[in-house]
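Multiple structures follow.
Each of the two complexes below includes subunit A, the first together with subunit B, the second together with subunit C.
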Partner chain A sequence: MNKGVAITGMGIISAIGNNVAENFQSLIESKKGISRISKIDTIHKNDIMVGEIDYTNSQLEQLLGLSPDNNFSRTGLLGTVAAKEAVAHAGINDINKYKTGLISATSVGGMDMTEKFYYQYLENNTNHKYIEGHHAGDSTQKIAEQLGIEKSLITTISTACSSAANAIMLGARLIKSGQLDRVIVGGSDCMSKFTINGFKTLMILSDTYNTPFDENRKGLNLGEAAAFLVLESDTVVKAENKTVIAYVKGYGNANDAFHQTASSDHGDGATLAMEKALQVAGYTANDIDYINAHGTATGNNDLSEGRAIIRVFGENVPEFSSTKAYTGHTLAAAGAIEAVYSILALQNNVIYPNLNYKTQMKEFNITPQLEFKEKTLKTVMSNSFGFGGNCSTVIFSKEQ
Partner chain B sequence: MNTNYKITSYCHIKNSKVSLNGSVIFSEQLLDFPEFIKAAYKSQDTKYPKFFKMDNLSKLAFLAADILLKNENLNLEETNNIALVFSNKASSLDTDRSHQKAIQHKDNYFPSPAVFVYTLPNICLGEISIKYKLYTENSFFIFDHFNAKHLLTYTNSLLDTNKAESVLCGWVEFEGDHYEAFLYLVSNEGNIEHNKQNIITLYNT
Partner chain C sequence: MNKVYINSISSISPQKTFDNSEFLNEVINHENQVVFAVEPIYKDYIPPAAARRMAKGIKMGVVASKMALKEAELEHVDAIITGTGMGCLRDSEKFLSAIIDNNEQFLTPTSFIQSTHNTVGGQIALELQCKGYNFTYVHGSNSFESALLDAKLQLELNEAQNILVGGVDELGDHTTKLQQLIHLIKNEAITTNTLLKSKTKGSMFGEGASFFVLSNKKQASTYAELVSVKMYNTLPLDEVSGLTTNFLKKNNLTIEDIDIVVLGNNGDIDFDGYFNQLTSTVFNNTQQVCYKHLCGEFNTASPFGIWIASKILKTQSLPDILKLNDKETGSFKNILLYNQYRGENHSFTLLKTC
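This part shows the complex of A and B:
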């Protein structure tokens, strides 16, 4: 019942690195990837800061060896890079040897191309190839093709900022129920005017570096990223003599039932999600060694999440930190990015500092981990909360 | 698999009529939908000002759910474990079109967050969840036609696995001038057997 699902590979591309090793290096060196925006021409460029990936689209196309007539959105490009790294890391040579699925999360999908060519579509057909690439499922389909996955479960989850956590959860359940032998789970979101303008309208974008859990936090920085994990059944792990890097031990998803774009004052959905995840893992709160918080650095999230953490952990809140100050908020990909960071924390027994923090929040007395810390970790909890009140928690462990 | 679940109650909003368990409780001819739903809302003494901010689909779904759940005399101080499983054909197209109109022309560009937020069909589930404090499972499916079989299987599965104590399910469609809501509550209580034929019969009532 409470047996964890094996993770055998991971891949990532974000503002702090183009692969797992580079991301880890940045995390332990406190090197953040937040800057002024360079790749999108937006009227908000002087008012916002973002977590951008250095590669241009054409560099990514070259890297992946795509033909010039491809119609990949940047979401598909980033997703393919990360998914390929994950599959290679898991030492998979023949992807169709076992029943292998792909669950990819995105909120932006092909919107980057649509917003670029939207008015032009009506005038001429030069870029009509991108119309087909607009919908969220297209990036998933392209990643599956690039991985060579044939005739299997290939699906897309779009539940705003908890999407990738939900992809991991669904994948773990499919392995547990025996529907799949192996599943690649994660998410990808590129930068777009769509998200910049949307979050700007909600007035939750910071004009400087985001400061999670700080009293004077001004909002979030958007980021672009993609990350994937490979989950495999115990049978495959045994048959292939696989090295397991960690386990998906618990997961929970709950409805905050409060507001379309805000979290409830006391984090009802977040509390439920964390409690459900502990229950699935067969853990109590005391079993959690580190929390990788959602910590977007908006006034609303950090207060609501902090209160929810106190509701779940009481007087014994373990070390917690948000890594959004490094990468920005990578929306639908965030749950997968932070899954990779949680696994790296477990593997290396380290806790990443919560950067940019200066002032204690006045509503409660819990303080995030501020310095890089070495600590023996057996378990890490990772939170991801999305618009629509979609709250998810995943617990990773060293032991099954 | 337990097949002894019952249809506890049901509600229709269509053809200028609102009915609960087959009895008409409000009827008003010659009104277009916005006027009709407002009149129906007033007749039910709903008193929920957020109703007026909702789009057409949410108003339709919310009012049908509210009429049905009000009749259940729930204790709103307690957590009610009622899952939501809704479906329709047109998704949120009515509101999608309003939003599209607002961004169609570069020189006349006026998207509104208040409209945009309703460009998903499952937002109506959120509106119901917020009113009734439902921290429960919810799903919205898009089908070509009313799909009794899918609703039946999904609902039984939620009840069998103790994911919910009861399930509010049905069909809420808004497209052009056409509107139609059919919601029904499934639990252990009631006199109507929860099976495919009964769902279809009630849908066509």
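This part shows the complex of A and C:
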């Protein structure tokens, strides 16, 4: 059996809560964070629903104690809040005591500021400080700085909606190979006009609450979020007498190599990702107790993912549900927030209901878990799939 | 642990570098602060109809990939790992200006799709029908080095045998204007021949795609062994020399073992000091090589440095245009590369002849 990598802390901010405790409360109370958009002025405001975080940028800046001349994008602000919670949860006082890295994921990066000041930059220099913050690595640099990570390995991954799952995977591999003793892994994406309009042109935004795995699903709700996990080597766990909250047991990454945005009908990439993850974990399909599905509620994803799940699990598909109905699809952060939800499921032995579901899909007979359920869980599989054919699966376990 | 080799190289850059039978035989002396890639004939590699739909970054990436696979005599690879600082920037600009100019109406998805950072990696997977591991790193000047480290780990542990690794970035007009406003790009006229000695703020900006097949099996086409790659998010100026010595020591080498040091000098008076730390101290007596006056500065300019170092090791020749100083050199065995951008995201890469 392959050994898992210890997780010793987690942090999250999403439309259903500003920290881990608030997110869990919303999940078990079936409380959605989906509403009409309030923070971005878009002509689509009456046609879409989103998962927005309550805090404004200036509230977040205050919370973090940033000086007024800071040039944080919202992606950086959200990421810092979640990463700080994760580090505190892991009981880390001296971050550079061990070789500590940071792997973050984002798709939006600093686009929220770029789209505000795109032409204004040319007219006056009021907001020039944001120009350098456009690129995707900027938020990661800032989170590292806020955590006090110096002279270390930090990087950023952008594989669309599978990004944060890949950050977790890379982090686990860096611990296993001894490159790092400790690594903070996750992702952050804020809402932007750019992504709203991008998904709008692809015609995959629902005009109402998203309904994962429902026959009449109309598309996704965009969301914004950030979440991070702290992974530590066995040596650090032992030396510091750390409480391990779960393990990253398996991971798999594959490419669908089918279409630039759509998933293949039979979910080749998704199937490969799940199979590889099982293989790395040293598990068979029967060892999985719950699947936190990608389940975006687009016609294409849910069909492709459902078929892939059937290909991997056959007649014995475990309980599965998508939590996108709570949070919206948080793009590059999705794999990280769902990692937190998977770990919370393991810790509390619960399965979250797949909200908003009414009608069985006709292409297959598997049905998501519809009611809140208590079940002893040893393992949870989390799927994240994205544009560019990127498919990723991470398996979390209670035991190493 | 397996050793890791660079089995093939390809580069599309602001110099004519796409033909590996040459090594900077003719150098283009650019006379601008912004230098564009010299592109190969794309239709030799991709059908013209498909090429027309592709963003420049995608075209450069896909074609450089195909060239690298051809030289390595491979049809397939086990994984594709891409680094890009900004992705297909022109499409990002196109989509964003369309949103603003047309008040969020009359938009089409093509430029949005191509603006996604992983679009090049995804397109290469599509072209090669590669269903294996596929990652895209987007971490400024360490985007490519992240990809390199990832590939190295997999090859060392035998998780893959052949991996396509590359870096790609394209110039975008609006972004160029913005970068000029904040002096990332020099305000005054500059040329290939004057950039490195310019003593002013900012640099010359470029674009390009460099791809490599990395393998844990040596073959006839092999250029070099990739011995080590190490990244640092921050590094105090006064620690660069000490850290370099330590890095070499960990690889059982001393300063004297390094035949050539390849540096990422970009002519920015505010930040070339990091490189000067090395050239004026530990590598004072070593042959120093620079390359950004040829390709310009961009997030994935450093793989052009790897391309240069690989060529030097394989051909055992060093074109004069690359020399920062002139030392008597015998054969070239070990090459150290050091890069950073604006004092952040430092990388050390060590190559060795095989």
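What we mean here is this: the second predicted complex is superposed on the first by the 399 of 400 C-alpha atoms of A that agree within 3 Å, B and C clash if a C-alpha of one lies under 4 Å from a C-alpha of the other, contacts with A are read in each partner's own complex, and residues count from 1 in each chain.
The definition used in the following text is that a residue touches a chain if its C-beta (ideal position, glycine included) is under 8 Å from a C-beta of that chain, and two chains touch if they have at least 3 such contacts.
Source: prediction; values computed, not measured.
A.B. asks: Check subunit A with both subunit B and subunit C modelled on it and let me know: fit or clash.
C.D. replies: clash
A.B. asks: Regarding the shared-chain residue A:K193, is it in contact with subunit B (first), subunit C (second), both, or neither?
C.D. replies: A:K193 contacts subunit C only, not subunit B.
A.B. asks: Tell me which partner touches more residues of subunit A in the superposed arrangement, subunit B or subunit C.
C.D. replies: C
A.B. asks: Under the stated touch criterion, which partner chain does A:D268 make contact with: subunit B (first), subunit C (second), both, or neither?
C.D. replies: Once the two structures are laid over each other on A, A:D268 reaches both partners.
A.B. asks: Where does A:S73 make contact in the superposed view: on subunit B (first), on subunit C (second), on both, or on neither?
C.D. replies: A:S73 sits against neither subunit B nor subunit C.
A.B. asks: Please indicate which partner A:A136 is in contact with in the superposed arrangement: first for subunit B, second for subunit C, both, or neither.
C.D. replies: It touches subunit C, and subunit B stays clear.
A.B. asks: Who does A:Q260 touch here: subunit B (first), subunit C (second), both, or neither?
C.D. replies: A:Q260: touches subunit B and subunit C.
A.B. asks: In the combined picture, which part of subunit C sits where subunit B already is, 26-34, 62-70 or 278-286?
C.D. replies: In the superposed model, subunit C runs into subunit B at 62-70.
A.B. asks: So subunit A touches subunit B in one structure and subunit C in the other; where do those two contact lists coincide?
C.D. replies: Shared contact residues on subunit A: 119, 198, 201-202, 254-261, 268-269, 272, 388-389.
A.B. asks: What residues on subunit B touch subunit A, complex-wise?
C.D. replies: It is residues 106, 113, 116-117, 122-123, 126, 129-130, 133-138 of subunit B that touch subunit A.
A.B. asks: What part of subunit C is in contact with subunit A in the complex they form?
C.D. replies: 80, 85-87, 92, 95-97, 99-100, 103-105, 107-109, 112-113, 115-119, 121-123, 125-126, 128-140, 142-143, 146, 149-150, 153, 156-157, 174-175, 177-179, 181-182, 184, 230-235, 239, 299, 344-345
A.B. asks: Taking the touch rule as given, give the residues of subunit A at its contact with subunit B in the complex, in rising order.
C.D. replies: It is residues 119, 198, 201-202, 254-261, 268-269, 272, 388-389 of subunit A that touch subunit B.
A.B. asks: Could you list, by residue number, the parts of subunit A that touch subunit C in their complex?
C.D. replies: 42-44, 102, 106-107, 109, 111, 114-115, 118-119, 121-122, 125, 128, 131-132, 134-138, 140-141, 144, 149-160, 166, 170, 173-174, 177, 179, 193-194, 197-198, 200-202, 253-261, 268-269, 272, 386-390
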